[in-house]
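Okay, so subunit A shows up in both of these, paired with subunit B first and subunit C after.
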Partner chain A sequence: MDYFLLYSNCVLVKGAHRATLCDLQKGAVYFIPKPLADLFLEDQAVDLVQLREKTEGDMVLFLMEIIDSLVENQLGFYTNQQEWKRFPALNKEWLFPAHISHCILDTATGRLDYFTESFVEQLSKLCCNFVQLRFFGIPPIEHLENILRLITGSQIKSVEILMPWNTAYESGCTYGKWINDYKKISSLVCWGAPSTCVVKEGARAMGYLLYTSEQINAATHCGIIDQGMFSTNITTYTESLNFNSCLNRKISIDIQGDVKNCPSMKESYGNIGDTTLVEAIGKPGFKKYWNITKDQVSICKDCEFRHVCTDCRAYLEDPGDVYSKPLKCGYDPYICEWAEWSTHPLKQKGINFYGLEKPAF
Partner chain B sequence: MIVIHSQQDESTTDDVLDWLYYFGMEQVKRVNGTNPINAKALRINNHTQHSNLFDDAESSAINAYWYRRGHLACEISEPIKLGYSGFVTYFEKEYDHLTKGISQVFKQYRNINSFEDTGTNKLTNLAVAAGVDLLIPDTLVTADVKAIKAFSAIYPRIITKAIGHNRITATIDDNSYINIAVDTAIFDQDKINALPEENNFLPAVFQEYLEKKYELRIFYFHGQVYSMAIFSQLNEATKVDFRKHDTETPNRCVPYQLPEDIEKKLGRFMQHIAMNSGSIDMVVTPSGEHVFLEVNPVGQLQWLSANCNYPIEREIAKFLLHDS
Partner chain C sequence: MIARSESERQKTINEFLDWLDAHRENLPVNAATWTFQYIEQQAVPEHELVSLGKYNARKAASISFYKPYSKICKF
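Let's look at the complex of A and B:
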């Protein structure tokens, strides 16, 4: 047993100061100190003989203890070179059968009148799986139920809904009823609620009812990078290796009805009143962010979280550089510390540029 | 048109359909086990192979067929069931014959599996596997207690399992039925010793217990081989039969590269049993030997493709589209 080999769905992601070991099967992230990370061959295995030869006294013990604990936690196993050949690295392809995977629809009024049978037909042609409805005004009950019925009868797999909390719906048990009646709701988030809480716990990422006291009343609330939003799985990992972690296969319609890659971006590819989704996607430039990977983004490329993190290209630290780090991320991979992004001195240029100075309520 | 025979809510079928739609294919007919075939016609003559098994198309327009799972539903009417329960077996046998016939008809098309594959025989398969030089566990099929005792004396431990069917379903009365999974189990030596010799029971399979380094689940599909290693030894609950899943600590499942000669032998084995696709179970022993256990024509795929990021569903879709 002269090698330590990681299970191939536990991937090593090296950052500037340390590495993460992302367990894509079980969805957990572990930290690996840099001296150990640097010993990995092909990011897969550690040659234990070499470790003992090349490392100084105390360090050997320290590193061997970490490796022992990795074996104990079932992240890897001891093996020999012969057996290593039998355990190839994970296939890096992103396997996702959709021309559009996510669709965000924003409305200031509470109405999405273009959401008709023929609109759903357009989404289905694009194999769109996930829809997010962001209501910045209260949707009439009849109207939303009509939309939910259309979704129920379609190939759409899940819908996330954000809407303003209001007393009448609360006392009429409307929210709970929707969760019960429409099984494709992954989560219903009522913002501007009296408190922040999980009202109804879902199961397997479906059927959540959440209240938040935050005011999510405009698209400018999007783009926050937070550890709570990291997702550790093969789909996220392989997408982040090959494509942009937010904008790839995304389509949005902003509050004006403009079809965009992301509602917070300026570039519009036509209005939903006179353009089909397929036409918009076909226009030059629509996909220009799809291939910007974390490995190309400054600072992110040195970050150990880059393959479990999301991305944002709409709000950038340096608005003049498309490869700039997301503005709303407070993490510094060189010192491994999180800070509040909105008050950070280096972020003020970007904050002013996007007009995010005041809290938007 | 592509015809897929499956069950409702069968997720691998859903995944393959997503790929088919993604590739722009819309002519797909999914037949679920719930579609009754009573009212359908299978027409056989010298001129046509037409039949109206599918309401919206003639079978001459079928380009590919995938048997994934399920039966074709056969509706035996209530009066027969209640009044002439003795005839039910006859009805079932007739329906079974028809289902097999339909299955044969579909084998003329480019196909993945057929309904007939579900009848594959685990015992003859072991013999065929041994015939192509795959290692198999020493196996005894008997109800003779003396033979079992003699067999158990050779090995430190033996296991027992059903010959062909892993599930018992039986109707008790109008309101109740039983459904028992017959899993592989270790047959303890003291239980064997305690067996009275004149015992009279159903023959079962007895096999030497193989120490495993890890188990392999292999998906074979028209010559392509996708293998996964399952580190079941890490969890007590799954040591004997990894299908008994421990949900708290799922077994580690990772891509595995079979030695070339084993891959070749598996290919020969599948050719011999005339099955173009199936899930094969093997174990790797502590000394590194690869031992064949069984093949299942309708095995779980998602488990394999999801853990190993294998493009299995996409490749199935491409095959059905004549694109591979």
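Let's look at the complex of A and C:
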């Protein structure tokens, strides 16, 4: 056995200073040192004879120990050169059976009056099966229940809801009732709550009730880049290789009713009052961010997390450069350290540009 | 849903093993190394099934999106 071969669901992502091995099936990320990453042939296999020849002294033992631990963690296995080619690599195509994969709807008042049967029909035409409702004002119970009933009877697969925490709803057990009654809720996040906690644990990423004490009262809070939000799976990985990992096939309606790529972006493609979603998508420029991959974004292209980290194009470190790194990322792939982005001197230009100086974040 | 007794489980497993033996020649060469798990299907009442997708598939649970919809709140 003179080769180590990664299972095809485990992929190597090289960064400037180290690399990650992402187990896209188990959703786990492992770090490996750069000298080992550099020995991978076709990002798949390590020739162990070559490893022993090219590496000096204690380093051989160190790298072999790492490889042993990768085998233990079921990321790969020992094989030989002839066998290697019998194991095809992961297909890197991203195929998604929808014109639009997901939709964000923002409201400042707690009402989404355009969310009617005909709006659901528009989503259905685009095969949009995933919806996020972001309430910055309290939705009346009857109004939200109407929306949830429409979603229940539609082709939509799941909905995530963000809304202000409210004492009356809490004491009336309204949140828990919604989670129990509407099985398409993946998570209901109540912001401005007395504490941050998981109130009801769901199963398989569905049916979660979460409270956060943060005040999430505007779209300007979006764009957070954090390890807790990494998405380690085949769909995100292949999408990230080929398309923008946040904005690809996304459609949004901001608090004014303007149809946009995401509610935080300036460009509007019409108002939902007089424009259909299909018309908005067909307008020139709507898809312009879809093809910006992480491999094209400065600094991110050198980051070992780039295919599990979903991008942000609305808040950029250099607002004048569409290929600039996301403003709200504090990670430096050259030294492998996370820092607080909001106080970083290099971020101040962007923070001032987007008017994020005050409590919004 | 009442779990099956151990003897009933064993009976089902034995039936499956017999089937494997009887169809050995039609199965892949590595069939002898297969491991399998005994999972009992959870019965979900009809009114609790969720209707999903263009063809209204009826499922016990719905499916969440594969990545964050947006990144407005961290948990």
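Brief remarks on what is shown
Going forward, the second predicted complex is superposed on the first by the 360 of 361 C-alpha atoms of A that agree within 3 Å, B and C clash if a C-alpha of one lies under 4 Å from a C-alpha of the other, contacts with A are read in each partner's own complex, and residues count from 1 in each chain.
The working rule: a contact is a pair of C-beta atoms (placed from the backbone, for glycine too) under 8 Å apart; a residue touches a chain by one contact, two chains touch by 3 or more.
Model, not experiment: these values are computed from the prediction.
In the superposition on chain A, contact of A:Arg86 is made with subunit B only, not with subunit C. Annotation for subunit A, partner touching more residues between subunit B and subunit C: C.
Contact with neither subunit B nor subunit C is seen for A:Gln122 once the two complexes are overlaid on the shared chain. Within the superposed three-chain model, A:Asn248 lies out of touch with both subunit B and subunit C [touch as defined at top]. Of the two partner chains, subunit C is the only one touched by A:Thr236; subunit B is not. Of the two partner chains placed around the shared chain by superposition, subunit B is the only one that A:Asn9 touches, whereas subunit C remains out of contact. When the shared chain is aligned, subunit C comes close enough to touch A:Ile216, but subunit B does not. With both structures placed on the common chain, the touch criterion links A:Thr20 to neither subunit B nor subunit C. Of the two partner chains placed around the shared chain by superposition, subunit C is the only one that A:Lys184 touches, whereas subunit B remains out of contact. In the superposition on chain A, contact is made by A:His99 with subunit B only, not with subunit C. Once both structures are placed on chain A, subunit A residues 127, 155 are touched by subunit B and, in the other complex, by subunit C. Contact residues on subunit A toward subunit B in their complex (touch as defined above): 7-9, 25-26, 74, 77, 83, 85-88, 90-93, 95, 97-99, 127, 155, 234, 238.
Taken in their complex, subunit A has these residues touching subunit C: 101-102, 104, 124, 127, 129-132, 134, 152-153, 155, 157-158, 160, 162, 183-184, 186, 189, 191, 198, 203-206, 210, 212, 214, 216, 219, 221-226, 228-229, 231, 233, 235-236, 239, 245-246, 262, 310, 312, 328. Contact residues of subunit B toward subunit A in the complex are 15, 18-19, 21-22, 229, 231, 234, 249-250, 252-259, 288, 305-311, 313-314.
Interface residues of subunit C, counted against subunit A in their complex, comprise 48, 50-54, 56, 61-75.
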